[in-house]
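Here chain A shows up in two complexes: once beside chain B, once beside chain C.
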Partner chain A sequence: MMASKLTRTLRDNWLLILIFIGLLVFPHAVGWLTGSSPMGVPRGDRMIMRGESVRWQAVLIELFILSILAMSYNLMFGFTGVVSFGHALFFGVGGYVLGLALEYTQMETGTALVMGILGGVAICGILGLLIGLVSLRLRGVYFAIFTLAIAEMFFIYFGRLSLTRAEDGFSITDLPQWIDPAQNRLNYYYVALILFVLTFLFIRRLMNSPTGAVFKAVRENEDRAQSIGYNTLNYKLLAITLAGMMAAVAGMLQIILNKKVGPEILGITYTVDPLVMTIIGGIGTFTGPIIGTTGLHLLETVLREATITLGPIVIRVTDIWGVLLGGIFILVVMVFPQGVVGTWARWTARSAKSEPPA
Partner chain B sequence: MNNILEVRDIHTFIGQFHILEGVTVAVPQGSITVLLGRNGAGKTTTLKSIMGMTPPTRGSIVFEGQSLVGKRPYSIAQMGIGYVPEHRAIFKELSVAENLQIAERHKGDLARKADLIFELFPDLKRLYHLPGGSLSGGQQQMLAIARALVPDNRLLLIDEPSEGLAPVIIEHLMSAIRKLAEQATVLLVEQNFRMASRLADRYVIIDEGHSPASGLMADLRQDNEQIQRYLGVA
Partner chain C sequence: MAVRRSSIVAIIVVIVGLLAFNLLKSGGNLGNFGITVLSGLFQGMLLFLVASGLSIIFGLMDILNLAQGTYFMLGAYVAYDVQHAGGVVDLTSVVPDPNLRFPIAVAAAIVVGAALGVVLERGLLRRLYSRPIFQLVLTFGVSLVIIELIKFIWSTTPYSWTEVFGLRTQTFELFGQGFSVYRLFIIGMGFLLIIGIALLLRRTRTGIIIRAGVEDSAMVEALGINVRSVFTLVFTLGCAIAALGGAVAAPFLGASSSLGNAFLLQGIAVVVLGGMGSYEGTAVGSIMVGLAIAVAQDAAIGTSFSVLPSITPMLVLILILLLRPSGLFGNTR
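And now, the complex of A and B:
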């Protein structure tokens, strides 16, 4: 009985398990292929983060972070139908709380890290709950505008707060050695990978549970869900609270990776990116946000250094990245109206259905 | 006879429109009562007012001795009222199984009712894991009714179950509704007078936001003048 359950899990998830193993060995594989050390280069008693392996670790860490952010956004937007334009708020507040705990308190580094993480997650959860309580009775675009206003308010406030060095932000200098991405990036890579996998598994588990079915019912028709006895407001509150907590985790990972906290982590980019990545990948699918994030992030990484030469004019791709992203977005939305994963699922379902019954 | 539901002189507005201008409906315990009337008379609004979806501004609604006015739809549902809206209101993106599961009010409701549901609607067993949206119109209607059967509802409000369905499917639905009336009191909205007259014990006529007549179905069947006046094509 146990064995058959295990075989079924393996059979249904073989591709995901394969990808997970690939991500586990990735730093070593890159190191082996390029002849660089996954630990970086030692200089004296410190490590210098130089070489292809550590460079790609940083790319993937950022990919995990953005994926967690996109998955959290999808929990609200894709699965529950709550459209928020203020998701960066949770990302940024999570980052600021951890940064403040590390740099502005007298606690010992390890304690500060733990307290900062717990505090940041709790504060973002409460923030989500409060915003939801105040505004979730508004529907559709009014709720979205409200969340945008709150997020922009925080962005402007922290951009001027002298305590946190306003627009410049402050550096993270006080970090436990073992997690410091400038010293032990490989450890940090695995921390980010594990959080990424846990987020994925948590959302999948939640959405396949009876509670998840109610989330989807609220998305499809809120009145109908009420008429069978659900206080739909509670479910939307739960969705925004959980999404806020997950986004906080992503924001914390980001400030540790950058070793810097500044108002840009509260900026609209961290709302638009998960929104666009989720739509491109597939709204309300488990892998869609990850696929959307991966596609865009890798493309940006590869093209960042590239230039286009048109006769005498040389254009750096970085300068026109926004235009390219817009073009890609329009193209994908036209070709894959339900996102890459959603449209693919529809195609395969259709071809399966058109086969004669056996 | 005891009335499980008493709607007395309710007035309901939708936006600025005064839709119900004094509707009174009494539903005796254990009966099948049907709301009859022309399109736009206010039958659906009466059901929605009972559910709290379009709350009345005046009048009283009492279910098992408790007032429903001012309660939110989900609390009204939790009191033991099942609502089957018009247009086969299922969740198309959820599977048949999920549609039934989310209707549980207590853990194990579905397990206890599964035999009854599959006896009434054998099709649903075969379609159990398909998305609701892939079902035919008749199957969706059956799922919508089955969903209202999952919890122990004592009153079922069913809005136009026969709408747009083939006669053979309507026959099947009628026998199912008759059978589920053994479990719960039914308040039905039905345009199809033939179906209504064969199914219901009692009727209430809704006409232009009023409820001018009510009584035993058996009496109405003899009363051609009444039928012509309120249900005939003007």
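And now, the complex of A and C:
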């Protein structure tokens, strides 16, 4: 009985498991291929983060962070149909709380890390709940601009707050050795990878549960879900609270990676990115946000050095990356509103249908 | 339109309250008070230029154009570029007189705003009328593209207006305090525009179609009127007016990539305060929010809470959404 269940799980998820194993060995594989150590280069008793393997670890960690953010956004936008323009709020507040705990408290480093993480997740959960409580009775557009206003207010406020050194922000110096991305990046890579996988599994489990079914019902037709007898407000609250907590985790990973906390983590970029990447990847799908984030992030990393030559004008791709991203986004919204994953699913379904019955 | 008495009372209470607070704070110093009121009106007029388009477009087409602030910003950049030496267009040798170049700069901003407005409505939004959430998301995306294009063309460094021209330098005295004639000119122009648009909406055939469309656009279409072309007209006008706002604001605010978001949120605050789709509400709301910002600016001087004026529009927006989402003049449907 157990064995057959296991084989079925393996058979249904073979691709995901393969990708997971690939990600597990990735730093070592890159290190082996390029002849660089996945641990960095030792100098004295410190490690210098140099070499292809370490560089690609950083790229992938960023990818995991953005994916977690995009998945959390998708839980609200794609699965529950709640459009928020203030997702950066949770990302940034999570980052700030952890940063403050690490740098501005007298606690021992390890304790500060744990307390900061727990505190940040809790605060973002409560924040999500509060915002939801006061504003979720507003519908559609009004809710979206409410969240935009709240996020912008926090952004401006933290940009002027002298305690956290206003616009400059402060750097994280006090971090446990084993997780420090400038010392043991490989450890940090695995931490980020595990959180990324856990987020994915959690959202998939949630959406396959009866609660997830109600989320989708709210998205499809809130009035109808209500008339069946579900208290849709509670479900929307749950979605925004969970999404807020996940975004907080992403924000914390981000500040540890950069070892810096500044108001830019509250900025509109971290609302735009998950929105754009979720839509390009495919809203309301499990893999869509990840595929969107991966594709765009890798594209950006690869194209960072490239140039386009138009006659006498040479344009660095980095300079017009935002325009390219926006252009891709507009194209997807206009032509493939289902995103990569949704469009793919539709095509395969259509081609399966058009085959003559055996 | 039947305006509820409670709305009028609320408007009067808020305006009188703000003015009284400011008068008390300045200790009866009329000069300071006068300046605050004038700068409130000035900011209110700039807000009106962003918000009027936002409001009418939302009322008529049910689209919240999140790119409206970006058109304002674009107007500022275009006007800056045309007025100053260097940049994309250099008119300093063709039109050496800065006084003459300024109207050209403003006109150029309006033309660019209108052109991009047509592109956005005709080319993109029109195809998405069956998917409202995507329209919202699309305007967000378009604003992103325009901001990035602006950063690419004019770099990310903010510009401050350096070219001196007649109106910009003159000041007049009010109770012993100097105030720029240029700002007064903007206030006057704003009032003229408020009246002009009101006349357009009330007295012309197009205006009547627009107002009918705000009430029920399906019905207007059923009467055999091409609402879609009115949509394009209104959308274009809205974008052009926003660009005009940016252009006339540039001599004071300069041109920077943070203008767009700031004015979008302030504009939305105004529209929500006035009631989505209500023209009168937008006009009154602009003046109220403008005054509130000016009073907050004055109140924050010398205190540690210098962030207050920047977050005032958001506070107004949040409060109104919580207390009365339909706004002052809005329908309670």
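To be clear about the criterion, the second predicted complex is superposed on the first by the 347 of 358 C-alpha atoms of A that agree within 3 Å, B and C clash if a C-alpha of one lies under 4 Å from a C-alpha of the other, contacts with A are read in each partner's own complex, and residues count from 1 in each chain.
Heads up, the rule we're going with is that contacts are C-beta pairs under 8 Å (C-beta built on N, C-alpha and C of every residue); 3 or more make two chains touch, one makes a residue touch a chain.
These numbers were taken from a predicted model, which means no experiment stands behind them.
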item: Which superposed partner A:Gly110 touches (first chain B, second chain C, both, neither); value: neither
item: Which of chain B and chain C A:Pro42 touches, first, second, both or neither; value: neither
item: Partner chain(s) touched by A:Gly22 [first = chain B, second = chain C, both, neither]; value: neither
item: First, second, both or neither for A:Tyr230, with chain B first and chain C second; value: first
item: First (chain B), second (chain C), both or neither touched by A:Val276; value: second
item: Most chain A residues touched (candidates chain B, chain C); value: C
item: Residues of chain A at both interfaces, chain B in one complex, chain C in the other; value: none
item: Of all residues in chain C, those that touch chain A in their complex; value: 64, 124, 127-128, 131-134, 136-138, 140-142, 144-145, 147-149, 151-152, 261, 265, 268-269, 272, 306-307, 310-311, 314-315, 317-318, 321-322, 325
item: Interfacial residue positions of chain B with respect to chain A in the complex; value: 51, 53, 72-74, 77-78, 82-83, 85, 89, 91-94, 98, 101-105, 147-148, 151
item: Contact set on chain A toward chain B in their complex; value: 210, 213-214, 216-217, 219-221, 223-232
item: For the chain A and chain C complex, residues of the former touching the latter; value: 83, 85, 134-135, 138, 140-142, 144-146, 148-150, 152-153, 156-157, 160-161, 268, 272, 275-276, 279, 319-323, 325-327, 329-330, 333-334, 337
